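Okay, structure first, notes after.
Labels A, B, C and D are assigned to the chains in the order they are written; within every chain, residues are numbered from 1.
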Amino acid sequence: MTLLTPDAKGVFVISVTPFTDSGAIDFDSLDRVVDFYFEKGADGLTILGMMGEAQKLTQAESRAVAQRVIKRAGGRPIVVGVSAPGLAAIGELGKAVMDMGAAGCMVTTPGSLKTDPQIHAYFAQVAATLGQDVPIVLQDFPLSTGVHISDEVLGRIIDDVAQVVMLKHEDWPGLAKITKLRAAEAAGRRRISILCGNGGIFLPEEIARGANGAMTGFGFPEMLSDVVRLASAGDMDRAQDIFDAYLPLVRYEQQPGAGLAVRKYVLAKRGAIASAALRSPGAGLAPAAIAEVERLLTRQDNRLKELN
Amino acid sequence: MTLLTPDAKGVFVISVTPFTDSGAIDFDSLDRVVDFYFEKGADGLTILGMMGEAQKLTQAESRAVAQRVIKRAGGRPIVVGVSAPGLAAIGELGKAVMDMGAAGCMVTTPGSLKTDPQIHAYFAQVAATLGQDVPIVLQDFPLSTGVHISDEVLGRIIDDVAQVVMLKHEDWPGLAKITKLRAAEAAGRRRISILCGNGGIFLPEEIARGANGAMTGFGFPEMLSDVVRLASAGDMDRAQDIFDAYLPLVRYEQQPGAGLAVRKYVLAKRGAIASAALRSPGAGLAPAAIAEVERLLTRQDNRLKELN
Amino acid sequence: MTLLTPDAKGVFVISVTPFTDSGAIDFDSLDRVVDFYFEKGADGLTILGMMGEAQKLTQAESRAVAQRVIKRAGGRPIVVGVSAPGLAAIGELGKAVMDMGAAGCMVTTPGSLKTDPQIHAYFAQVAATLGQDVPIVLQDFPLSTGVHISDEVLGRIIDDVAQVVMLKHEDWPGLAKITKLRAAEAAGRRRISILCGNGGIFLPEEIARGANGAMTGFGFPEMLSDVVRLASAGDMDRAQDIFDAYLPLVRYEQQPGAGLAVRKYVLAKRGAIASAALRSPGAGLAPAAIAEVERLLTRQDNRLKELN
Amino acid sequence: MTLLTPDAKGVFVISVTPFTDSGAIDFDSLDRVVDFYFEKGADGLTILGMMGEAQKLTQAESRAVAQRVIKRAGGRPIVVGVSAPGLAAIGELGKAVMDMGAAGCMVTTPGSLKTDPQIHAYFAQVAATLGQDVPIVLQDFPLSTGVHISDEVLGRIIDDVAQVVMLKHEDWPGLAKITKLRAAEAAGRRRISILCGNGGIFLPEEIARGANGAMTGFGFPEMLSDVVRLASAGDMDRAQDIFDAYLPLVRYEQQPGAGLAVRKYVLAKRGAIASAALRSPGAGLAPAAIAEVERLLTRQDNRLKELN
């Protein structure tokens, strides 16, 4: 069991949770998609995030998913989303998954947080609840949570809560935030890992600004891996060539709500999961959307051939 | 086990969850406060609501609280709050408490509901998840949930979801909503029970408008019981005399967030629970607030003596 | 022309804007209600606030209202609400009313402010826009604006923006905020005036906590004046006796949205304005509400007689 | 003066408002950018929208901008954004610009609208306020307004408010909404024009779904024009080839808040406006962002050369 550190980098794919058409968790597909992500270049996985339909699972199911993925990952790092409306539930799930061998816990802000001091206090409470050995990934996702975390309060959290080792960065716009965090570190603040979300739609720029990688989902995780590797090595042109080839689909998959159905459709088509089904009340892709995705896939394929 | 019906009326007190000073659930006090509520005139109880600090409990704790209260109530109706971010968790807790003998499940709107059709669809999904025998109390509390339920969509839910037998009414302002619902019933719509919340701060007017009682908390539940009884019987003057005597404290206790600490302080002072402690991150009353409450209690006592 | 200072105290009534039944501004009634407020004990007035239906006026109308009220007030202080979506409009109206002889400008937070640094920066921008001689009343009203101003950021604004001379306090709950601000001043921070809003529903406690008065509306402004005077002089019992007599109506008038129709109904009944009409899309009181208000007025009258 | 009709189609560019570096309106640049937009293929313009920094203008400035643009447009249709917190201000500006020769008024939902019936009532009030001859563009932009307009309530507005002749569609995700609206029209509902926003990021799919064009801004309006023309003619491959070449910049320019600085930077670089300055409190592009934009422009240029 390896714990997440501020040196973490690369691609942590946000994993889907596969379901059968009747809504049961499909554990065989879960194994398969874990393998798929690592084959396509993932350095780790993040499970039970929003795009993992975590809110639709019972707590028993959440534990079963975590157990299965951690085992299948065979020692590679698994971050587990443990956000919940209350601290007790966060502590309960967090401790359970750390005992299973998770690398860390991801937590975002409940909508009840209204001011910067409340946001700051919240992460101190979460850290105390999880216990001091548990690495925390702070998910900064205002579009979904409605809570905006200023650079300033983020800095105070980093100063005061040593367990926060990573920022899952998906503020939007958020490029300047990366630059400011790195500047503050250059001026002496403790360094944390920054992995970026938002479906990767700003990934080349984010890496160039100093991010350490991606923590997001996309039907073609090899894109994330290639772009992070190339851009981190300074080969921005090649990174952006690859990125641009996938961008029409990245854009399409980034639609809030609808995007997960696209992602599962692509993963099912690629054989990584058996069914594209979302658990209710989620809906699958309508025929018009399937036609749009298929068209984009064909074009993407052609574009990638031109690139090679 | 008696199930809740659209004929339900009277006072369903929203029960606190007692904790020890160290944050553990105090089950002895839970028994005691259940007895207290019934002694003071409650017709039923509602547990695991927002003012029951439900979000701070683990699911195992939630079940233990429900089990204890239902047993202690000895057949009197217990409504259980089962709101959760996802349907699976709602179904899991809902079925568990119905098996224990709960009278019905209370559900409110998650903040993700943005339009009237989404609100309508949500209660149909909740009903299907809980199963057709489970009576549902629809909690309409926009100040807390951020979701506003129009008269119109409420009517469509009543038309289409037969399991909804009661409205926990705490829209604010909400008097006109009661009048509209009763007018629609007079014109033929299925009748449901309306019990009112908001700490009872509009209780005399609500009963006069056609509400069937109160579903709320207050440190002196005998006020709720007296006002509902008298106002329902048409004795508005006596109802309002009693109400007015308690109103300065009702007002003080209705402060969002801070109010629960007031309520627990009063209940502890009255011997209904051993400790006024809130579970973290809740805070108890500051000394200045204690002084204010004590002052109001003394005045209330004097005013009640004048009344009798 | 006297400018508002941090020493301001007493009652600044939030004035209604009277309309004829056809929706035109009724300037004769405006004169009359200004006189009425001062006769009932107001120390100053605040115009063009939310309860003055400011958003329903054209800018030309806003200027005409300000001109009329400032003239009628004959040197007594008039604060003018100048909140607008953009700085240019704030500056335009603010400068115009200061030239007319206003005592200061009241500004609240636009909903676009998401973080504490943004809130802080905003008031610096407003101050620069209005010009350094213009006293600013910072309106802190999260229930209406959706923006929550922490004690901490309020302190930073007081430190950095000298033009902020007064807090219109209507956070809810907000008693602890008064105590914290006064404690910070005792420890050396610049003192500002605190006048409280929320229809006066916590006025006795607010004065006891250190507030300097009320800035709010109520159909019986003499209550505000009496309570502020008595509570400021330490006679809390008499202050609360008077407060309690009006409290059932205060509570009823404090309903968001509906409350303004109640206030105008009472003012019209008392002869302070000719018509209770709200400008469209506002609606007047429904018959059921009129009956409720009349009942409360009769009881209030009786209670006041008992007091004297 | 030609009024907007439900048959409107093509590209209505959302115009920037050019400022000098000191924050004054640059009317010469305004003339120039109007010419630029039409030279690049615009069929009409929309002014005083959010991306036109309308909220930063005084009302006198808003009128001056409208006057200048309408005159310069020489008869081509100009839509004017007239959204304001109150109806009186909407009516005042709306009537003024219609008198100047505007083709119609664009109105969005104030954040105070909470339920579908309120949204429906609002557009009826706006229509009555503007007067029956004024064509209305309903702007549906929940990401910015916080108000979500369901297909259902949109249908009721179309049924009941004949003045609504166009939907400025920028719900996100919103492709299914176009399909539903067109299906309802096929089943008999009155047809309205649908022009799409969101910086054009879904433009090929939107046209294929039945939209009539674009109403949005982008530093290269010729892309919008080409894509609308080609996709409307069924040449989706060529439309998407052109779209894809611009997509990296479209994506970058679509960042909320930051995007306008990018757009103005590009327009200034292309000679359409003299200065890229935003009016305060807006900020220009930071050096890191300028470097990113320049890099994208170089790549875009190369890609376009390959296409031709």
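By definition in this document, a contact is a pair of C-beta atoms (placed from the backbone, for glycine too) under 8 Å apart; a residue touches a chain by one contact, two chains touch by 3 or more.
Just so it is clear, the structure is predicted and the values come from calculations on it, not from any experiment.
Chains making contact with subunit B as well as with subunit C: A, D. Annotation: A-D is the more contact-rich of the chain pairs A-D and A-B, by number of C-beta pairs in contact. Averaging Cα coordinates per chain places subunit B and subunit D 47 Å apart.
Work out the mean CA point of subunit A and of subunit D, and you get 33 Å between them. Distance between chain centres (mean CA atoms), subunit A to subunit B: 38 Å. Shared interface positions of subunit D, i.e. residues touching 2 or more other chains, are not present.
Put simply, subunit C touches subunit A in their complex at residues 114-118, 142, 148-153.
The part of subunit C that touches subunit D in the complex is made up of residues 55-61, 84-89, 92, 111, 121-122, 125, 146, 279-281. On subunit A, the positions that touch subunit D within their shared complex are 172-173, 175-176, 179, 201-202, 205, 208-209, 236, 240, 243-244, 247-248, 251-252, 255-259, 286, 288-289, 292, 295, 299.
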